[in-house]
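Across the two complexes that follow, chain A remains constant while its partner is chain B and subsequently chain C.
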Partner chain A sequence: MADAATLPVLDLNVLIAMYGDDSAETITLALSGFRREATHYVQQLQNAGQHNIRTDSARKDHAPTDTALADMARLCHSLKSMCGLVGAAKLMQLCMTLEQAARQQDLTTLQNELLKLAEVWPELLSQLNLTLLQHGYPDV
Partner chain B sequence: MCNILFIDDDAFILSAYQRMLRGSVYQAFYLQQPAQLWQQAYLTSLTIVLADQQMPGITGTELLLQLQQSHPAIKRVLISGDLTLAITQLAPELTLDAALPKPCSKAALLDCLQRLSGELTATT
Partner chain C sequence: MLLKNFNVLVVDDVVLMCDFLYGVAKKVPGCYAFKALDGKTAAETLENEAIDLLITDIEMKGPTGLELIYRVRSGSFASTSHDIPIIIFSGNAYLELIQQSISYDVNDFLAKPITADQLIRKIQHHLQTEKQIKSAAHYLALNSDFSAKTAVPDENRKVSVAIVRELSHKPEAEPVDTDASSKKADEKDFLFWPEHATTGYFQIDRRLRNFAFNISCFHNVFVGNCKPVAIESERKRACEACDYLFHIAKNIQHKERRHQFWLLFHQRLEKLKPLAAELNSVNIKHHSQVLVLLKRLSYWWMQTCNRPIIQKNDDDGADHG
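And then the complex of A and B:
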C-alpha cells in the first residue's frame, strides 16, 4: 500500500485518462460533480465517526453495531471509486484503509484514520476549488 | 443500434459513464434503483447490461443472475471495486460476458462494449 504522504492530493492526469478527455468542460463537470457528491459522503463518514466509532472509555458500552460498520465500509467503498475517477489519490488511499478497518472491525485504526479525514478532505477541497477556478468554473 | 444499460446507485459514477459515452454509437440508459429494472419499457430492447456489484438491497451478481434467468440473450457485465472478491463470490450458475474494475476508464469501457457488440454482430 502506498504511503499516503507521498500521494498527490489531486492528479488531473488520472481524470483525463479516465474520461479520455482533457477539455475544460469535462474537467469542470467531473470535479464539480465529485465535489458535490464527496462532500455528502465525507459528512456521513464524519457523523458516523462522531456517533458510532469511538473507542474511548465514555463509549465502551456503546460499541458500533455491525450495521454501522457495514454502512461505513459501504460509504468508503463508494467514495474510493469516485476518488479513483478524478485522481483524488490521497483521499482514495484513506478510503481504502478505512474500508478495510471497518470490514475487519478494527476500531482503533478506524478512529485514527477518521482523524486524518479532517486533514485530507479540506486539503482536497481547497485543491478542487482552485482547479475549478483555473478551468473557468464560475461557482467556486 | 446497440442499447446498453448501466445500473449503479451512485449518481456521480453514472454521470461519468454518460460523459464517457457522449458521441459514441451506443444508446445508453442509466438506472440508480436496481429494483426498477423490471419496470423499464426499454428492457427487452437491451443488448448489454452493466451492473455495479455493491448496491443497497441487491448485489450486481444477484441482479445479473435474475437477468440471465429472465432475459438470457442480454449480455451481462459486472463492475466492481473489488473484482477478485466479487468473482470468488459468484453464484455457480451465473455466466458473465465480461467484468470491469470500478472505476473503469473510457478506453476500457469502450473496448469492452466494442468486443461484446462485435460478438453480437458476428452471431446474428
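And then the complex of A and C:
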C-alpha cells in the first residue's frame, strides 16, 4: 500500500486519461460533479463516524450495528471509485483503508482513519476549487 | 451501409461514475445509451427497452447488481433477452463475487478504475463476440437467494437446453450420440448467416443466426440418420430458436420507426409462423414430411436473408474501433 503522505491530492493526468479528453469542459464537468457528490459522501461518513463509531468506554455498550458498518463500507467504496476517476489519490487511499476497516469491523482503525478525513478532505476541496477556477469554472 | 443499433444500459449508484459510463457508451459507434442510478430504475429500463448490453456495478442499494444480473439471466424482463452480454464494473473483486458472476455466465468483470478507451474496446468486443449462455430456466433454477457460491453441478448442465450455443463447438449438448456431433462438424450448414450481414438490429441478427444454426443442426442429424432422441432434441431447439425470434421481433417492433423494414419483416415472420407450427408438431418418423418442411424452411430463409431486410454491414471499422 502506498504511503498516503507521498500521494498527490489531485492528479489531473489521471482524470484526463480516464475520460480520454483534456478539454476544460470535460475537466470542469468532472471536477464540479465530483465536488458536489463527494461533499455529500464525506458528510455522511463524518456523521456516521460521530454517531456510530466510538470506541471509548462511554459508548462501549453502543457498538455500531452490522448494518451501520456495511453502510460505511458502501459509502467508502463509492467515494473510492469517484476518487479513482478524477485522480484524488490521497482520499482514495484513505477510503480504501476505511472500507477495509469497516468490512473487518476494525473499530479502532476506523476511528483513527476517520479523523484523517478532517485533514484530507479540506485539502482536496481547496485543490478542487483552485483547479476549477484555473479552468474557468464560474461557480467556485 | 447499414449501421447496427445497440442499446447499452449502464447502472451505477454513484452519479459521477454513472455519467462517466453513460458518456463512454454514447461514444461507441452505433450505440444508444441508457443510464440508471439504482437497480429499480435499471429493472424498469430492462423491462421496457430491448437492451443489448448491460454494464453494472455490484454494490448498490435496492436490487444489487447481482440480483439484476440474476433477473436478466433468468429471463425476467419482457423486452430484454436473457443472453445479452453483461459486464460487471466494480471496485472490488472478491472471490465470492467472482464465483457468483461465473455461475451467471457474466461476460466480463472489469475492476475500477478503467479508462474510457479501454471501456469502449470492451463494449465493442462483447457486442461482437458470442458467449455460450444457457437457457433462462437454468439460471432460474440457481439459488434465487444469492447464497449459492458455486455453479450448479455438471450433471445439471448436461440436461439443460442452451438456446445460444457456440457455433464451432458443443461439448455437452448431445451426450446421446457422439457420432452425430462429429458428422455435424464436417457438414456444411444447411442455413447460412452471411458474414457481416445485419438487419440493423443486434438482437434480431443474433436470433436469425441462432435460428439458422439450430435448423441446420436439426437438418444435419435428420439427414445423418442419427438416433431419434438426438433428432427430437435438435427439433426442440430449433422450435425454441423460432419462438425466441418471434418474441424478440415483437418486442423491438413496438418501439421502432423503420416502418418499411418492419412491414417486410413482419410479412416474413407471418410466413414463418405456419412453418414453425409444423416444426413443433412434425413427426420425425415421417421422413417425407420432415424433408418437405426443411425444404420450405430453406426457401423461407433464402427469401428472408436478402435485401432489403438484410444488408451488408460495412461499418466494421467503426465497430472494431
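Everything below uses one rule, namely that the second predicted complex is superposed on the first by the 140 of 140 C-alpha atoms of A that agree within 3 Å, B and C clash if a C-alpha of one lies under 4 Å from a C-alpha of the other, contacts with A are read in each partner's own complex, and residues count from 1 in each chain.
Heads up, the rule we're going with is that a contact is a pair of C-beta atoms (placed from the backbone, for glycine too) under 8 Å apart; a residue touches a chain by one contact, two chains touch by 3 or more.
These figures come from a predicted structure and were not determined experimentally.
A.B. asks: Identify whether chain B and chain C fit side by side or clash on chain A in the overlaid structures.
C.D. replies: Aligned on chain A, chain C clashes with chain B.
A.B. asks: One more residue to check, A:Gly84. First (chain B), second (chain C), both or neither?
C.D. replies: both
A.B. asks: Using the superposition on chain A described above, determine whether A:Leu117 touches chain B (first), chain C (second), both, or neither.
C.D. replies: A:Leu117 contacts neither chain B nor chain C.
A.B. asks: So, A:Tyr19: does it touch chain B (first), chain C (second), both, or neither?
C.D. replies: The answer is both, since A:Tyr19 touches chain B and chain C.
A.B. asks: Would you check which partner chain A:Val9 touches, where first means chain B only, second means chain C only, and both and neither mean what they say?
C.D. replies: neither
A.B. asks: After superposition on chain A, which segment of chain C among 94-102, 184-192, 220-228 or 292-300 overlaps with chain B?
C.D. replies: Only 94-102 shows clashing C-alpha atoms.
A.B. asks: Starting from the residues of chain A touching chain B, keep only those that also touch chain C in the other complex, and list them.
C.D. replies: 17-21, 30, 33-34, 37, 74, 77-78, 80-82, 84-85
A.B. asks: Can you check the complex and tell me which residues of chain A touch chain B?
C.D. replies: Residue positions touching the partner: 17-21, 26, 29-30, 33-34, 36-37, 74, 77-78, 80-82, 84-85.
A.B. asks: Under the definition above, what is the set of chain A residues touching chain C in their complex?
C.D. replies: Contacts found on chain A: 14, 17-21, 30, 33-34, 37, 74, 77-78, 80-82, 84-86.
A.B. asks: Could you list, by residue number, the parts of chain C that touch chain A in their complex?
C.D. replies: Per the stated touch rule, the residues are 13-17, 19-20, 23, 59, 61, 91-92, 112-117.
A.B. asks: Inside the complex, what are the residues of chain B that reach chain A?
C.D. replies: 10-13, 15-16, 19-20, 54, 56, 81-82, 102-103, 105-107
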